[in-house]
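After this come two complexes, each holding subunit A, first together with subunit B and then together with subunit C.
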Partner chain A sequence: MTVRRYLLLMSAEFRRQSTYRLALVAGIFTNTVFGFLRISALFAAVRGGGGSIGGYDLAQAASYVWLGQAFMAPVYMFLWQDVAVRVRSGEIVSDLARPIDLQASYWARDLGRAGLQFLTRGVPILALGGLLVGLSLPTSPWSYPLGLLSLLLGISISFVCRFGMNLIAFWTVDARGFLILYGFVMNVLSGFYLPVAIFPDWLQVVAHASPFPAMFQSPIDVVSGRVVDLAALRTVGIQLAWLTGLLVLTRVVFVRGRRRLEVQGG
Partner chain B sequence: MNPASTDPASTDPGAPVIELDGLRREFVVRSGRGLRRSRRVVAAVDGITATVRAGESVGYIGANGAGKSTTIKMLTGILVPTSGRVRTCGFEPVPQRTQLARRIGVVFGQRSQLWWDLPLRDSFDILAAIHRIPADRARPRIDQLVEGLELGALLATPVRQLSLGERMRGEVAAALVHRPALLVLDEPTIGLDMISKERLRQFLVAERAEQGTTLLLTTHDMSDIERLCDRVLVVDHGRIAYDGSLEGLGERVAMERVLVVDLAEPRPPLELSSARHERSELDGARQRFAFAPDRTTAAQVLAEIAGQAEIRDLRITEPAIEDIVRTLYTGR
Partner chain C sequence: MADPTARVITREAAPELSGWTAFRLLIASRVRAQLTYRANFVINFAGAFVLGLVEFSEIYILLHNTPLLGGLDLLQAALVFALANVGFALADLVVGQVDAIPQHVRMGTLESFLTRPMPLLLQLVTADFQLRRLGRAVFALLVLVVVLVLLRPEPTAATVYLLIATPLWGATIYAGLFVLAGGIQFFIIEGTEFTNAFVYGAGYAGQLPGSVLIAPLRVAFTFVFPATVTAYLPALVILGLPGPGFLPQWLGWCGPLFALTTGLLAALGWRLGVRHYTGAGG
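Right, the complex of A and B next:
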């Protein structure tokens, strides 16, 4: 019974997202075009580095870019302010009037969203990229189920971070500035623009002290087979640790924020 | 203490469903800029004490900003009171929000709890699941609500394509899927046309007769109160200004109707025995007369005016809540 309601919330969001077909097509197109731009930039860097940069050869660079283009929508690398907007407009009262945990219900919905976006934006881009440029696929069959788990964890870490940032709206009416700043930092440190492995050393240290590589770089590394066997398990373990820690943190913030909430409007 | 009030499951007639004791909520209002910035504390709800018992139907009225919605948010567990005590269905609303949410249904007239992009039917199924109602028990209840609120033809329509009146009926059904002991309606008829309003009221009367649901309703429409409520709470500046029957309120304040007549030509204020001249507009070509419907009829007033002047057009207005609250202090 308890699981069923979360599954229903998940499937409702999956179907809700699927009603925006034109947006999906536009998204695939944009992601593909940007994929080509990023590939040409990264290829130039790899060639300039004598055929390898940060351990990436041309085929691995292509995999990194295409997996990234495929995962960016499911993991959600964009501005997300659903909760903040609902606090600002007062719509949050409808969520709070239900006998269900707010964070858990938004998590379930986010997984439904990610599921649809993986199938409709992720898979086509991987297919297109693989056909047009080529992908280096992992040799170990374990990379696939472990990769899927790693992606699921990446999506969840991303969600918990986004949800946590949205809680700022419980303290200030306009959380948008914070969310934009967060988006910029997250995009850079997650390995979304460039692989974390080719960052200067000091920036790698900063990145690994944050949860951001665990939401984006990690699933790409596991699925592409850049990390295998024990290293892959270790990567997934680090993701699990981040997720647990962030859940505890957002929980504390949420409970405090609830007492601060001033619902707007009549 | 009444033992029934500590039992969350109790819905015995007469058991307290809502208990407010010295309830207060302050907001900080910031104004100005830079160095001139000032910070002011305003009490939206300023010490409200009231009890609503199981089976009652209470109209909660007051002007805009009087504190109605703030009270509702506190008794549903959405807003934390600054001070005072609130218990709803025997629960502490904020700490026990999820348990409480199983016992109450809430419709915020200007918000939606439906899934905007999905067919209306889906919202009912999802809400039943959220309330942990097994599908075989949810189905007959949903069918019953669909029939009572005439939603059958709309079930396959995405919510965003529904008209306001259709959507509001959907919202009410959504709030009742889990058979709440207490139904809280915040401005349920706002923006609805006469027919939609009447349909909704008829349904609510029937639903209450059958389920014994306790009802708390805020509205700006006095007809809602007349049709649905047996008790009125008037709130003003965050305090209870009146608590009693609608008839009792009528004895204390001017529940007057106003008859507005356009005359064929401007006239000095007409003197009537059945109604009081309120004011003249358009140099006397339009005059307003207030009359008490329990002492005279519109037809009598009209006949008296017609005896003195030629009437071109006329209109009758209901008493505005704001006027009722104002006359509570000044008397009739």
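Right, the complex of A and C next:
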């Protein structure tokens, strides 16, 4: 069974990640410190802006920050160059020779990684943030299942984008500079630093023309109940559209890149 | 003299090569090497520049929503951002590589560093000196120049001194935090993210108006990890503004004192860390 292979990969990655216990505790600690720093800055802006900016009051601002700190590890806001490194070293050849799809196998592993990080890093941060500062929870019960789906889509869009950027390695020896640049742009436009709704209009237009808000801002909006009912369904629909489009695009690039690939020695 | 290559690496063979000369030679060779791959250097330098831009966008977006952030307007907040960022970027340029200690420990390269006749810290600095990191300092300097042109502060001796000295003390303070983190990383190889909380946390706290920080953070990032001393407090002196609770304005003059205490803390942490390291027979 083909699907089984990917599920096995997913659970293997889930278990592999769970061995780094101290790293998880360290991650929770650091995310919490940064949560308080971000809340400080955002609260000051909300107070200075007359109690509400871009539709965020203090309670919603706090929810945004804690959900963001909880989702940053699962969605993965950091530098990811696993594929690019293997293209550069030539190891990608043995990956391509396996009777399993390269992109799907990385995707499965990324979901396993994200699942473990969500449970062990995301949930404790939400609990800590809720206890220490408070979270505003959605009133509609639909927000939770839909939020989980939205997060899953966000993680997948993040993965497909990261994978797609890694494919640059098929064309250039050193993709690192591009990946770092991508990371910076993604960090801002995804709504990771600040909510997209408080951007100046022109920057909101730029952000919404990119897939970045669909990875990060959308799950936060749905889980926090900022968008509900039809608006929530629409948000998830937009995420699905981005994921489909990006899958097709990366597939085309991947096939072309693989044809270009030339590895020496072996 | 059976093996001619052995001569080069023994200390006796090159007695005139002082530590400083060796350091300079190594840095120069790294810079030359990086400049050889021109296109690569350009994109990496641009990346560091964009990082500065991205971090500034946060200040810009926040002040797009409120006229004052923690009592400062956009230009004043930009002054804090620029002073802190020049300092942090310089520290990152010189000792940012200390972050890579866990990788060196895992790869076993740390052992070979320890056998060489040069202090470990200097070797780590020269092993992966990245000129591209200058991109961030260049962006911050650019912001500083624009802010000064628009703000036109009275060019008193005090202001001129603070504008020049603050990034330097700031760089010393941030460098101290990097080295302290390095020392701690010898104890917790897998938990290096702990140290990010006060290294990158201080970098982030330093570029914000200190008055926005909630009280515990304000105290921690002034008296333990002196981030507000690297920009916000000196900026208050330059702008003639009073300090918020826990942070009297005169602390803006105490850069050297905080640089000294952070330096001592870093030296202690580093020594303890290196002594603690036992290696794994690599």
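Observations
Note that in this section the second predicted complex is superposed on the first by the 263 of 266 C-alpha atoms of A that agree within 3 Å, B and C clash if a C-alpha of one lies under 4 Å from a C-alpha of the other, contacts with A are read in each partner's own complex, and residues count from 1 in each chain.
Convention: a residue touches a chain if its C-beta (ideal position, glycine included) is under 8 Å from a C-beta of that chain, and two chains touch if they have at least 3 such contacts.
Keep in mind that this is a model prediction, so the values were computed, not measured.
Clash-free side-by-side placement of subunit B and subunit C is the outcome of superposition onto subunit A.
In the overlay built on the shared chain, the residue A:Phe78 is in contact with neither subunit B nor subunit C.
Touching more residues of subunit A than its counterpart among subunit B and subunit C is C. In the superposed model, A:Ser94 makes contact with subunit B only, not with subunit C. Using the contact criterion defined above for the overlaid structures, shared-chain residue A:Val185 touches subunit C, although it does not reach subunit B. Superposition on chain A places subunit B within reach of subunit C only down to 7 Å, the least C-alpha distance between them. For the contact definition in use here, the subunit B contact set and the subunit C contact set of subunit A share no residue. Residues of subunit B that touch subunit A in their complex: 27, 64, 68-69, 73, 76-80, 94, 97-102, 104, 106, 108, 110-113, 115-118, 122, 125-127, 129-132, 134, 158, 186-187.
Listing the residues of subunit C that touch subunit A in their complex gives 37, 40, 43-44, 46-47, 50-51, 54, 57-58, 61-70, 188, 190-194, 196-198, 201, 204-205, 208-209, 211-214, 216-217. Per the touch definition, subunit A reaches subunit C in the complex via residues 20, 22-23, 25-27, 29-30, 33-34, 36-37, 39-49, 53-54, 174, 176-178, 180-181, 184-185, 187-188, 193-194, 198-200, 203. Taken in their complex, subunit A has these residues touching subunit B: 1-2, 4-5, 8-9, 12, 15-16, 19, 90-91, 93-94, 96-101, 105, 258-259, 261-263, 265-266.
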